[in-house]
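Listed after this line are the structures, all set down as structure tokens.
Each of the two complexes below includes chain A, the first together with chain B, the second together with chain C.
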Partner chain A sequence: MSQCKTSPEVGGMGHSVKRKEDPRFIRGQGKYVDDVVRPGMVYMDIVRSPYAHAKIKSINTEKALAHPGVAAVITGETLKEYNLHMMPTLMSDTQMVLPIDKVCYQAQEVAAVVATDRYSAADGVELVEVEYEPLPVVVDPHKATDPDAPIIRDDKEGQDSNHIFHWEAGDKSGTDEIFQNADVTIKKDIYLPRIHVASIETCGCVSEFDSVTGQLTVWMTTQAPHAIRTVLALVAGHVGLQEDKIRIIAPDIGGGFGGKVPVYPGYVIAIAASVVTGLPIKWIEDRRENLQADSFARDYHMTCEIAADKDGTLNGLRIKTLADHGYADAAANPSKWPAGMFSICTGSYNFKNAFVEVDGVYTNKPPGGIAYRCSFRVTEAVHAIERMVDMVADELGMDAAEIRMNNFIPKDAFPYKSPMGWEYDSGDYHAALKLAMDKIGYDKLLKEQAEKREKGELMGIGISSFTEVVGAGPSKDFDILGIKMFDSSEIRIHPTGKVMARFGTKSQGQGHETTYAQIIAEELGIPHTDISVEEGDTDTAPYGLGTYASRSTPTAGAAAAMACRKIKDKAQKIAAHLLEAAEEDLEWEVGKFSVKGVPDKSVTIQDIAFAAYTNHPQGLEAGLEATHYYDPPNMTYPFGSYIAVVDIDSGTGEVKVRRFLAVDDCGNIINPMIVEGQIHGGLTMGLAPSLFEEISYDDEGNITGGSFMEYLVPTAVETPNWETDKTVTPSPHHPLGAKGVGESATVGAPPAIVNAVVDALSHLGVRHMEIPLTPEKVWRAIHKQDAA
Partner chain B sequence: MKVKISKTFSISAPISDVWEFMTDIKSVSSCIPGAQYNESLGDNKHSVMLNLKVGPIKSSYRSEIAIKSLDESNYTLKIEGRGTDTKGRGGANMEMVGRLIDKNDGSTEVNGDSTVTIQGMLAQFGSRMIEDVSNQIFVQFTESLCAKLEGTREDVNNSSQESNNTLSGTAVAGAAIKGMAGRIMGALKKK
Partner chain C sequence: MATQTITVNVNGEAKTAEVEDRLLLVHFIRDNHGLTGTHIGCDTTHCGACTVLLDETAVKSCTVFAVQANGRNVTTIEGMEGDALHPLQEGFMEEHGLQCGFCTPGMIMSSKHLLDKNLNPTEEEIRWGISGNLCRCTGYVNIVKAVQYASNKLQETSAD
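Up next is the complex of A and B:
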């Protein structure tokens, strides 16, 4: 957007309004779940399995119960009495709340101890004696379907292997034909390892049940409070919880990134325990529990093939994937496809045909998937295509920018139907890459690289021109246990012209209180400072599916605009009454209606609001408010071109990202400063798995990356100076032309960094490297040693 | 995680004495720091409690040690151990092959190859230190073994047939750090 329609005082779209939520965050005045204290509250801690796969022979709670602070020890047997020992996952699989006879991953919940204080709860955990009989372990997904592999889910009827699902998309025979006739084909295995979001705030809840009224209130670290309420009513209706008496409150949330979408056993145990005991119960994970047992992301073993002409024209793409889901398919994936949006893998390129297939398997690892600032497997898809395109360029001796420019979907081809059936809404990929190249000085960098290579110095330039798919999503394709993926906004204009707006989404630090206020300011001309935004309390907020997958602006943001337009329609009727003019003779400019041709005959939105309660026209309802549930007609497709420049120390293998330029296009921008902040954070979370993060397991299923000692999260020291710029290609179907931006950078950054590192080492024969690019891995590549 | 340990050392004692000692689990247990012999379970199986402290983790392993084979003609024995943490925080399995060689000068060479598989908390946290801890246990074991077989030192003879002390966390951590420092220094010297 070239210029703002509203004044800085009104602060509509395009203004870098300072975030309304920051004063409380900066001063430590945020109110998180762990800040909630209830009268008579007791504390819960969890006994966890040391084994990745073992029979439980006995659980002896005697010593724990003898501890003076311990009130109760809850086991699977306890929950079984209420039929709450198992629960459904979002992928229609099942998972244990607490086990009855066996455990399936290290750190799995085995029992819970409730005590009068947090220390006694931890002491009680130490005193619970569990006798296990270790079982053979499945760690490697490639061996999960071997005939001699132990069956992990022998609890499920008819489950006679560890195979969960086979899913495919695209045109197999058409793609095979392209490969048969191709000039050049390249095949490569690409693995994206298991990673964890490691939010500052771990997960937890405070559950309080009033046994007199039957009211259950749960303060909970959740990105989707309404969905949680309905799920609770559905799975625990038989023990007397009914939806009108369940209140889920998501207070301030210290980072979500998808990790706070799933329902973890700890929540369910705490809720069950509070219902049974009648006591308010607090459960807060520690860091190790958070890293070791909560939902992960990626763990995709992809075999990628690409077919091209001699001149570099990309024609066909085939990807066969083995997906390691852990012991249950519990990905927080609300799409109707078991591999989410993975079939977006043709990316920004005009492929003739493509085919993907994904097989999900069980292993002895925690359940989950996709929880890492990613719109359901788009990160895997982007990594695969952006690496493969570079490999074709390398094979044909082409420049990485040139091959992209030659194969981009042209601007005039939008809306563009991909071979996989996605309808890209809008894009101008050439403009974004060109801007990135100009801004970073691409030609100069190529020259510098050539000079450095002469001197034996290792420098690389990497490009990633990604296309995202966000804003889940159209009701025909997206639901959570049947509930469609719309989102909502309820806006009330008070008599004095001030606004209370409530939403079905839930900010975890994205700045919704500011962004949504700006949307309303844009639509109604009411200053953003006069608008309060509230989310997260299911008793007050309209129903919505929550915040993840960059969906808040595409769905709830759109709902806000639509609700404002309903209000404006009514306001126009009131204005006509006040101005004694016909409705159609009025025109709207920011914040007021005036009579066409008589500009000084006007009423402000504030005047109209007052009249709505004091002098409303007869025949019209009093009040000025509206609610809108927005079911998006399509996904939005933000995109961007990133260029990374790396220097590598050949002696240590250390990769230093010297420069990183991100050109993003997220359509029309509501608050440029917030967007830039989202991109900075996103880039850092793209750098993290590229260079540092991995949750790995040894052959016995022991987690070897389960604490911050091994799981390296980048700090300011490791993070380069991010350079950002933008192009603006509005979404044609979103009421504000906006697209969503939260995840773009996390999705787009890793291949840029890997491409740069491979580029730096390409003259040594390196064609591909798997993330994280640790100094050891890079050193071995330089010195041509196989990885240990 | 798996740890492989191979060690060779000499004892100034005749091979028959060493063989007799080494094939008696009760005697051997008395030389392992933190080990406490409980009882014979018959059929060449023995119950031993092993107390271990690595950094913040204090573990007691209830272990069953079985002599799988004894070949006196070649002085070779095979031992299997299986231990579970008494608090259910993990477990470890060990397979060891020991061989004695008569040095024909009144001393005996002892070769030991063992593989230890560890599951649970110790594997998660101790993985960086476990090799050094193992080495330290081994050093204490050989010292104690030599003292018993070679000398007639009062303190050794007077002690009961068990060593109750938990292997000291501080001592082990100290030794482990020295071990790591040594490796780093070694690596630097190679350059």
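Up next is the complex of A and C:
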């Protein structure tokens, strides 16, 4: 590649080097949590509630304890003895580890059985007898604050309704004024249903406690091991767990997507059980537990309003949202705003003003709110704006591309301050959409669509031009329970010039072992094959907040570059000593310092590394290593333009995504192969909720899609052959000009698909459809029958 | 709980154990014999992470009892590499057909079954061939390419 500064052997930025992780994974030699075996290890399984809301009248453990192999049954009363029956959520709410008085959602943990093997533990679960008294259930968030609604969190002092928070952002009166004077206003309810990340590896842990030394070691499916360690020390300090004796190890992780950020009760019960029994305990949830009880994503009921001029100029945006948080506000949201980054909702467009408000409520559903592969609440925001822009275009008879081109924030307006106060770092939205249109043949597609419509065939074209906000984040606005959202890199150059680098993040498939090595290769000119990368062990890695919200490259990747620059500064001093030259007379080119004007008088970084331990200048510390904690000055703002082409079978209502072109701009690229892979995966996780996935409940709070039989993760058959392209607009504030890419496609894809389906049906009077666009829903829209 | 003594030929090695009738093949492979390359993603035959070959057929080992494999051959991901990587293993690495690696062993075993039956599948045949295996990371595009890579390589070898 011409723009690469390093050779393929060095493999710095821009090279599609093969992944360092792969040799173990293709041989089945990855080490995931369920692969961990400890001497004397026992297994834990969990008794779960069949009711969504019920008083617990009694728990009888007698029969379970009499079963061969069962060692212990743990209930809320057991944990209460240690004051561990409740725990804080990441949003400073509280949630139950195990209940004492009542359960608040179906599949909630009620008790845990510890036994010698998985099968006996499962037998024990069947034998625990729990007597419940069902209570009235709150399922519909719109009814959660009715005066006669039962109070779900009556355990919380002063909580006299199911309302959790009200939050607003933007300029209410200024926006209202725009709406009063607008030529055109459109109002639409848009619902993004509850979905689940469903990583193929479920959650679990192995917890081991040494009662003599007080050392606790937990192998855990976590995206944020360091934060977990601190939270554990804070909530369990009173039972003697202190932070220097807690070691969290996140080994290989089988996909995270946000679902492995929260602390689930199962982890805490297993840890408590290992401390109490002194036995190493393994707990691995099964798929139904994973889908039914782990944190969900979305569940946003939005009422969206947009105001425009007759010529399609977009002026104002208002969104009022009801957020269903389940029974606890346990969102994995690293920002200080209860609705995360939802106020990015003005998107890629130059609005004059905007106002959003969000109310969170409790319902009898599992706790939380996680991101599902996006910065918290960005997908909701992008869905709203990209649907509303299409509705304005429909109303005014404009083309979907034209209205976007006319309203994009212009290239020369960056850094751009949005009406909501975000400062977009860089962008060229016109270029991305133009590339997408040219590449997919937009005009030809319009012609084809017109011809097909004549013949009665249903074909649609949908555009989404999204702006992401990732890389949490600047410490003034971003933290988890007060811990600021910096991230870290510690780089050690060994005497032989080989490198060990450790990070506060944790890859779950993103390929950090490869890409971080490439960053170091780029900065120091050391071949990527000479660099080992480690993450996930809190005993060895520097403190960091973990991997989610596309933050690893923006934060830890930047930290790596900054640490390398510290190393280079010291290397220059050593080089001057070795070359007997003044520091300022030296110049750097990939992998070596040479005397200006005398290129053959040079020393390589490997020579310098050796000298750092064998011949360092007097007065300078020996060694060659550096640590950097990077607190980003701003978020990064990746963007892109996606075009979807769909064909619809009018007989069955089935939607087929015939083509999908994604043009992404994530700034400077570290490894093009990996970036493309991230986009493929993100697009598929955008396709999934658009057409297939939804977690829903009946009136009694029974989950109606709690296994892979009903929760339809797309297979290779439904997934189209994604097409990708890129523009490159570097971030001006990131040391490498990179922005992060893991989640752009999940954010950008759904509205492109929905816009395409609505476009296919627009001549039938369809203006909006709610996801997932199931064959039944689409068939009913075609045949003008309301979805029941 | 009733037990039986069984012998299963796993990757060419006879493994004998006394097992409960209800023991699943995947636990026999993973827990009794420490071959942890075969993963568990759902317990319900949907995700395919536990796919192994039982004789010549790809099966989801979370839905087969260990006793059903008595006297039969089981091939797991650990049995794929001979003197060199299997072309499928090579293909997954060359074409970036994996990310987190959790579905990969099952994907490779299903793909092996497919190529054993049909050395030169079309893209659509590959997509159907791996449709019993869920991947949440890759979007399948590069998995399809990985299988095509292996198909090409195996055809070259068989033509030699």
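Methods note: the second predicted complex is superposed on the first by the 785 of 788 C-alpha atoms of A that agree within 3 Å, B and C clash if a C-alpha of one lies under 4 Å from a C-alpha of the other, contacts with A are read in each partner's own complex, and residues count from 1 in each chain.
The rule is short, and it goes like this: a residue touches a chain if its C-beta (ideal position, glycine included) is under 8 Å from a C-beta of that chain, and two chains touch if they have at least 3 such contacts.
This one's a predicted model, so the numbers in the text were calculated from it and none came from an experiment.
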Touched partner set for A:D698, first chain B, second chain C, both or neither: first
Which partner reaches more residues of chain A (counting touched residues only), chain B or chain C: C
Which superposed partner A:F179 touches (first chain B, second chain C, both, neither): neither
Which of chain B and chain C A:A52 touches, first, second, both or neither: first
Chain B versus chain C as contact partner of A:F593, first or second or both or neither: neither
First (chain B), second (chain C), both or neither touched by A:S707: both
Touched partner set for A:V130, first chain B, second chain C, both or neither: first
Chain B/chain C common contact set on chain A: 707
Interfacial residue positions of chain A with respect to chain C in the complex: 18-19, 21-32, 34-35, 37, 117-119, 197-202, 252-255, 257, 284, 286-288, 508-511, 673-674, 676-678, 680-685, 707-709, 713, 715-717, 719, 721-722
List of chain A residues in touch with chain B within their complex: 47, 50-52, 106, 126, 128-132, 134, 698-704, 706-707
Residues of chain C touching chain A in the complex: 1, 20, 22-23, 27, 30-31, 34-44, 46-47, 49, 76-78, 80-81, 85, 89-90, 92-94, 96, 98-105, 108, 123, 126-128, 130-144
Residues of chain B touching chain A in the complex: 1-2, 84-91, 117-121, 123-125, 127
